[in-house]
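Two complexes, one shared chain (subunit A), two partners (subunit B, subunit C).
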Partner chain A sequence: MNPAGAGDRRGPDPDPRTGRPGEAGLASVTDDLRAFLAAVTGRGELRHIPPGTALFGEAVGLDSLTGTLLLREIQRRFGVDVAGEDLNLDSLATLGTLAAFVAQRARPRGSS
Partner chain B sequence: MPARGTVPSGDLVDVWWFDTRDVTVGPAGLAVLDQGERDRAAAFLFPADRHRYQVAHLMLRRALAGYTGTPPGRLRLGRERCPHCGAPGKPVLLAGAGTVPSFSLSHSGDMVIIAVAGRPVGVDVERDAARCVCSLAQALHPADAAWVAGLGEPGRHEAIITCWVRAEAVLKCTGQGIGHGLGGFPVRPGQAAARRVNGCTVRQLPAPPGYRAAVALAGTGQPALRVPAGLPRGAKPA
Partner chain C sequence: MTRAGAVPDNTAPDNTAPERTGPEHPGPEHPGPEHPGPEHPGPEHRAPANPVKCVVWDIDNTLLTGIYLESGDEPPGADPVLAAVLAELGARGILHALASRNPPEAAAHTARVTGWRFAAAECGWGRKSDALTRIAATLGIAVDALAFVDDDPYERAEVGSALPGVLVLSPEEAAEAPGWPEFSPPVITAEARRRGEMYAERQRRQEAGRSFGGTREEFLASAGTQVTIAAATAADVPRLAELAARTRQFNSAAGRPPAQAGDAAPPGGDMTEDWFGGLLSARDTDVITVRLRDSFGDDGMVGGCVITRDAATWTVPLLMMSCRAMGRGVIDALLAWLTRQAARAGASRLLIPCGRDGRNVPLRLALAAAGFRVPGPPPAAYQRDLGTAPPALPGWVTAPGEPGGGTA
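And then the complex of A and B:
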């Protein structure tokens, strides 16, 4: 079972000074989320959306099913339960807010 | 405007399909959308999404006009509050003269489906999964999740999408937001054609190849599909 088919990465590289995901980590998470989005929706054009793009509603057109698939994929790849940890789901506003949320909480490489 | 049709009574439900690729939307069509619909359409990033939204809402207005006699551009749509949390939810036709039909709209891929009934109705369509959707099983009711887990692929994927459209149709019928979860009740198909759940009766709909769809009607009567009178151009009955 490999819904997104975007490689088998465990999470972003942590910042060597803080042990937390740094800028490179955020960029890499953002790219991974673009790949997940393209995979769960079957729409390759989503590989190129800017970070400010709204996820639900008009811009990307995620619906309940594809949105759930996306969150399951994030949980599987990064160990982050977005729906469980962000009760207001504010992180789902845009690609950028979701990437920041995931990058901040993702398991460091090798911990899983 | 299509010919005037009567609002379905009893357990009757009118169901239409549209393939958004078959419908063109011109300036006259766009003019019937209200400001909120135009603002939403303008916000779409991709033209294909905008087109699907415009087709869905134009066709919905044309269909409802056929029941109410009110021109499509003069119908007023609002939102009911979610019975669970009070947030604005299910779109409804605001009261006008005569019997106000209940409706439900869903789209996926290139398909738009509209259901109209005399009491609360919910409809959902999803395109068959192009990829593995096994992770969705966790969102289903435990009994449904156990049922799909016992199936082999690719039948399991079809079963998951089948449960999904049935659960979502029920939630769209009751007006409870999908954000509260759709695993609170079992919906898997059984021996009977229709299943009573959550105050609704849900049944599978015939769907175009590559899609799955279900309809839920408030109450215990099995939804009976009626061929609608005066289909808008481009529409196909379920």
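And then the complex of A and C:
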């Protein structure tokens, strides 16, 4: 009954080899962020941008509307309130800075 | 779906007698003799914290005088009292939407018999609190700017418990709503009267945008977007005051700590017509309006700002935009124009004091996207470096001081 997505909640799983968030966590957060960006902007090519890509400006063109949707999705999926923890929103400089910010703070589900 | 038939009419508590709940919502006939008159408005008598921007209505036994699916070939007609409430609130710029456990045809029927064009309709069998959340998102307004009207006490309890910020009313209470302050915006402008139509235009624009293949900029250009930035005149003052009172997500003064030293703006919420009127003739102060239109419709004045200038510093004590204009390049155009004009005038700093909280995230994103940062500790003032190359202004923006401005 429920639309797609409801059963798909997952945080950045801890690295299965080390049991804690690490490089694997960062890579999976980065991939998830690429997918969110592609979804909120409607631009599928954003699934392939490198971590150094600036989010504001030409390449991605994040604005107040798409940015709000992105932050809402990050809060829903990772439990991280980017706008609340980073008042200046400096973490939104590039895909890589945002992924690192989120990966550091994400609450792994089902663990303490 | 099952409850409507399962609850016998005579046991539903609110179907028997109109029950006034909530002493905080006195009807117009109970003004309360101890209240000071409007000519003595103390600071605590400002507009209510949550003016209602949209009323979400149930259909069966609420807007209709019966149950749509149980009425055979001849669906029920409109409740005449509530149809009049729809029109009265609509004339004040308040939107109407539908949330119903019915097929979509019921919404079309309700629109026909009430003669009203609803800004959004959620027809289905899920929770009504979810329907309200989707309606708020579709319209781009906060959930706590909604009111909800339903004859079914179960639905009212569900919405009231899941969404405590929503004003929940029985149909009997809704009949009195036009007298309540939540439904009485202080000023009603031409933009407010057209608001329902503009949301319908917005739906058509969003549908076109979803099926458009290119980037957002390409869509804005293809839709014939025109942003017009201009100096305010006396005729603009009521709408400026209305925007200052109604905007929150894009309002640099809202939520800011009151009474900052050297602040040209009064504490948020006191930006009255008198205040704007006085600024029109103030020295070294500009009051700016922003209008928006495209081939889908004319949104009128959707934003504005106040600029105070001295030789080295341009300060913007108020920057505001209707959230209806979100995603259409307006706030970005205004920030780019401010930056270009301040740089051209030889200013070394452009300051936009702006609090930072959970409700103005969209404005903070726009400021960050436009290159503004907060260099110091609170009270926060966004600053932009004016020494770098000025930002570009899209060709569809008309603005004072811009070379292409007169021809767009």
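Definition applied: the second predicted complex is superposed on the first by the 96 of 112 C-alpha atoms of A that agree within 3 Å, B and C clash if a C-alpha of one lies under 4 Å from a C-alpha of the other, contacts with A are read in each partner's own complex, and residues count from 1 in each chain.
The definition used in the following text is that a contact is a pair of C-beta atoms (placed from the backbone, for glycine too) under 8 Å apart; a residue touches a chain by one contact, two chains touch by 3 or more.
For clarity, every value in this text was computed on a predicted model and none was experimentally measured.
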Is the arrangement of subunit B and subunit C around the shared subunit A a clash or a fit after superposition? clash
Who does A:Arg107 touch here: subunit B (first), subunit C (second), both, or neither? neither
According to the stated criteria, A:Thr53 is in contact with first (subunit B), second (subunit C), both, or neither; which is it? first
In the superposed arrangement, which partner chain does A:Gly61 touch: subunit B (first), subunit C (second), both, or neither? both
Just subunit B (first), just subunit C (second), both, or neither: which does A:Gly42 touch? both
In the superposed model, only one of 20-28, 74-82 or 236-244 in subunit C has C-alpha atoms clashing with subunit B. Which one? 236-244
Doubly contacted subunit A residues - partners subunit C and subunit B: 42, 57, 61, 63-65, 68, 89
Interface residues, subunit B side, partner subunit A - complex: 40-41, 43-46, 49, 53, 108, 126, 130-136, 138-139, 161, 164, 168, 178-179, 182
Per the contact definition, I'd like the list of subunit C residues that touch subunit A in the complex. 210, 215-217, 250, 326-327, 329, 331-332, 356, 358, 361-366, 368-369, 373-374, 380
Contacts from subunit A onto subunit B in the complex sit at residues 1-5, 39-40, 42, 45, 49, 53-54, 57-61, 63-65, 68-69, 72-73, 76, 89
Touching residues on subunit A, where the partner in the complex is subunit C: 41-43, 56-57, 61-68, 71, 81, 83-84, 87-90, 92
